[in-house]
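Read the structure below first, then the notes.
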Amino acid sequence: MSKDNPTLIESATFPRHVIAEIQRAAKTGIYDIRGFGAKRDIPTFDDLVFLGASTSRYPLEGYREKCTTEVVLGNRFAKNPIHLKTPVTIAGMSFGSLSAQAKESLGRGATLAGTSTTTGDGGMTPEERGHSKTLIYQYLPSRYGMNPDDLRRADAIEIVLGQGAKPGGGGMLLGQKISPRVAQMRNLPEGIDQRSACRHPDWTGPDDLEIKIQELREITNWEKPIYVKVGATRVFYDVTLAVKAGADVVVVDGMQGGTAATQDVFIEHVGIPTLPAVRMAVEALQEMDMHRKVQLIVSGGIRSGADVAKALALGADAVSIGTAALIALGDQSPEFDDEYKAIGSAAGFWDDYQAGNDPAGITTQDPELAKRLDPILGGRRLANYINVLTLELQTLARACGKSHVHNLEPEDMVALTMEAAAMAGVPLAGTSWIPGKNGM
Amino acid sequence: MCGIVGLFIKNPALESQLGALVAPMLSEMTERGPDSAGMAVYRDPNDKGCKVTVLSQKLDFDWASFEKSVNSNFFLKKFTVTQNHAVLSLDNSLNEVEEWLALNWSDLSVTSAGTNIEIFKGKGNPADFIEQFDIKNMTGTHALGHTRMATESAITTEHSHPFSTGQDLCLVHNGSLSNHNRLRETLKRAGVQFKTDNDSEVAAGYLSWRLSEGDDLDEALNHAIEDLDGFYTFAIGTKDGFAVMRDPIGCKPAIMAETDDWAAMSSEYRAIATLPGAENARIWEPEPTQIYSWKRS
Amino acid sequence: MTAINLNESSVRELNEKLQSGSSGDQFSVNNTVGKHALSVGLTSEVNVVINGHVGYYCAGMNQQANIVINGNAGPGLAENMMSGEVRVTGNASQYAAATAHGGLLVIEGDASSRCGISMKGVNIVVGGNIGHMSAFMAQSGCLVVCGDAGDALGDSVYEAKIYVRGEVKSLGTDCIEKEMRDEHKKELKELLTQSNMSYKVEDFRRYGSARKLYNFDIDQVDEY
């Protein structure tokens, strides 16, 4: 009902924003492209709760009784696995979709927090390599900027099959963000709309992927862990195939995962939520007896230490943050609210990353806007946020009696809704019922 | 995702070495398909009657009783047990035999039927399959083999290729179909039966159906290009030879080679490299949607 | 000259030797039997002669080295090459020189589909024919085809230049025939000379981007 005229009823099928979108489509003839992840209401980690300490389970004291958060990733085949102080890592985001200052901030912040950051669909910048103690180098369908020197400078290689926001879609960058530097790195004419490559150019299928992984190892002397990243769809099979193809680490990105630019319909209607994706990935690893031998990193809507704890409890070895990292840097900040309003949005609603006119100076190539982000300050804010996630994770793990965060298990949790119970494979609170599992 | 191999002997003097030549080819494809392996061999024709290969899921199946039962109902010429398979050569009509098996021995799966073909399916490492089924000592005119890396369906013996598509016909597939679920339902309504949820079985069933509708093999394959969606390299075994076809996008690998002695195909050259005379063979890649075939005259 | 026999050495040992070679070193590689990832990631001006057919990704990410394959090459030959020269006397399978940034790839026989896919500056000269979807999303560099080209040549091409002497079965989206001006004739002549292909520049036609897909235009919606 409308506040001004109490007799007006908004349609649930055609609410105002759907009407606006149809009108926009009729006017322009092009699909709506935006950034950010899936905005609609779907089951998330919020629907799970921890059981905590009780008469039979004893909590650990803070400070004196250690709760270790260290993680080792990629020790299956690589000579030099990745050692991290926290299981929270920074997801792949490109220079091109983000400003150079934003990439530098991410590097600085990750290094302060003792974790890794990841390049994106544009290649490795010197600033990022210089400021990141541990840098994962993405190997994408586009192969923009790919070269063996950067491959050897990287600490790990992440072969990207897809991402949660758009499983089956490729990288997208519109003309307004193809600045001279971006164009040069990607070997494209300035100011044009980059076309998306959705499949790798020189291999198709896990049988070929196995050979590709062999090649990458031969080029890098078998030193670097090889990650394989998929957007969450047929997670059980994908994780199984990634392991069979020879991956050291598997990365699964749920539908809430962000993007810098893609069609709105792709973001909202393709891919499954992170909640079931984690469970299915762990089941696949357990079935092959590879759980903890091939590590699992999970991403897509990780927001607090509670999300991290729940992902780990379901069996993940680590998580990645993307959208949350940008918010920590200053994205959606209320101090820019007037400017967001001036470009048709508002603080907390901003999702036009593809437009390149970001007041926070993060998802832009405009030098004037990009200047607003001080990489040293940005790095500090990101490190602060990661530290909070890690402290929150430890708090919850201690409350469940764990001295290492990897000892969190599904049995430490129950679900608040039937959907979450079915998706996560944990019982509905107050019952022993897991829909779909106990033969029902 | 998988590896496929096919070998057609042109020089009759080499028929005794069919198995010795095709075993190393299959072995080279192990990395592409570590989950399971299977092979179709064409040999020991029973032109007067029929040949059927059956497979039991039970390791302790009583083959002796089964043989007795077959013997008392049919003219059983030959009965050979290998692992959990038995090849029956009978001087009866195939229809009669298949009906009787379905009625009385429904626990056994019929992996192949015809006059020349025998199909063996294994679960587990291809090296074990080659050993257990004594592939190296097999003789015959032609063979198609497959090593499987399961993509969307389970790993069971029944899910292994080759899939039988009709009398003396079989299919091996490398790739992944995308519209097989609806197609399976359509084919079921047309009377085709399926044992698994495997996409390759749907392709095999589709070809069977087209052939039963009066298509010859080439017509059936051309219809397949229109009706099947996805990525595929197919090798099809027929009574007299074999055929190869790739989908229009043509991303799944395929390589063919020919000498005066043999014609061969595989997913990767290194399988063909094991054949005698490979270094001087004519080697080429099949064009998408074109059908390449060899027949005994 | 160091001879490496793949009957005795592993692929790892081969690549380690080649990757630690110095400018001017000579190597020969034998008993290849279609193995994958041979001679990949080289970084100096070594000379490598490979005797036999090779599998996938031979000469992958090559820098500076001079590699000759006496035989056929599997998929992804010289993929992502940065510099140097790779020559194959037989045929090359699909994705030859995929995403490569520089250097010269010479295929004396035929190339299969997607030759030069997503190329980013490499020069490719093919003595025979090329398969379908070649130069797909080709960003820069030159593809010279002395024989015929298959379907959908240069689909979604950006700024790469394509020269074809024989027939083009069909052109891909946004790829059109273009005028051969003096600078193109000069460039083509240099490439033919460099690759030892004795064909006349006058017999070639040039193809490239119509540049209609550079920014979305509602009237081009059928092209998508």
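Miscellaneous remarks
When the chains are written out, they are named A, B and C in that same order, and each has its own residue count from 1.
The rule is short, and it goes like this: contacts are C-beta pairs under 8 Å (C-beta built on N, C-alpha and C of every residue); 3 or more make two chains touch, one makes a residue touch a chain.
Keep in mind that this is a model prediction, so the values were computed, not measured.
The touch graph of these protein chains is complete, with an edge between every pair of chains. Ranked by C-beta contact pairs, the top pair of chains is A-C. One inter-chain figure worth recording: subunit A and subunit C are separated by 36 Å, centre to centre, where each centre is the mean of the chain's CA atoms. Put simply, the C-alpha centre of subunit A and that of subunit B have 44 angstrom between them. Residue positions of subunit C touching 2 or more other chains: 36, 55-56, 75. Each of residues 208, 211 in subunit A touches at least two other chains. Of all residues in subunit B, those touching 2 or more other chains are 251, 253, listed in ascending order. Per the touch definition, subunit B reaches subunit C in the complex via residues 250-251, 253, 255, 268-274, 279, 283-285, 287-288. Within the complex formed with subunit A, the subunit C residues making contact are 11-12, 15-16, 19, 36-37, 40-41, 43, 55-57, 60-61, 63, 75-76, 79-80, 82, 95, 98-99, 101, 114, 117-118, 120-121, 136-137, 139-140, 156, 158-159, 213-216, 218, 221. Of all the residues in subunit A, the ones that touch subunit C in their complex are 28-30, 142-143, 146-148, 151, 175, 187-189, 191-193, 195, 197, 201-203, 208, 211-212, 214-215, 218-222. Those residues of subunit B whose C-beta lies close enough to touch subunit A in the complex are 1-3, 31-35, 149-152, 174-176, 231, 251-253, 267. Residue ranges on subunit A touching subunit B, taken from their complex, read 199, 204-208, 210-211, 234, 237, 240-241, 244.
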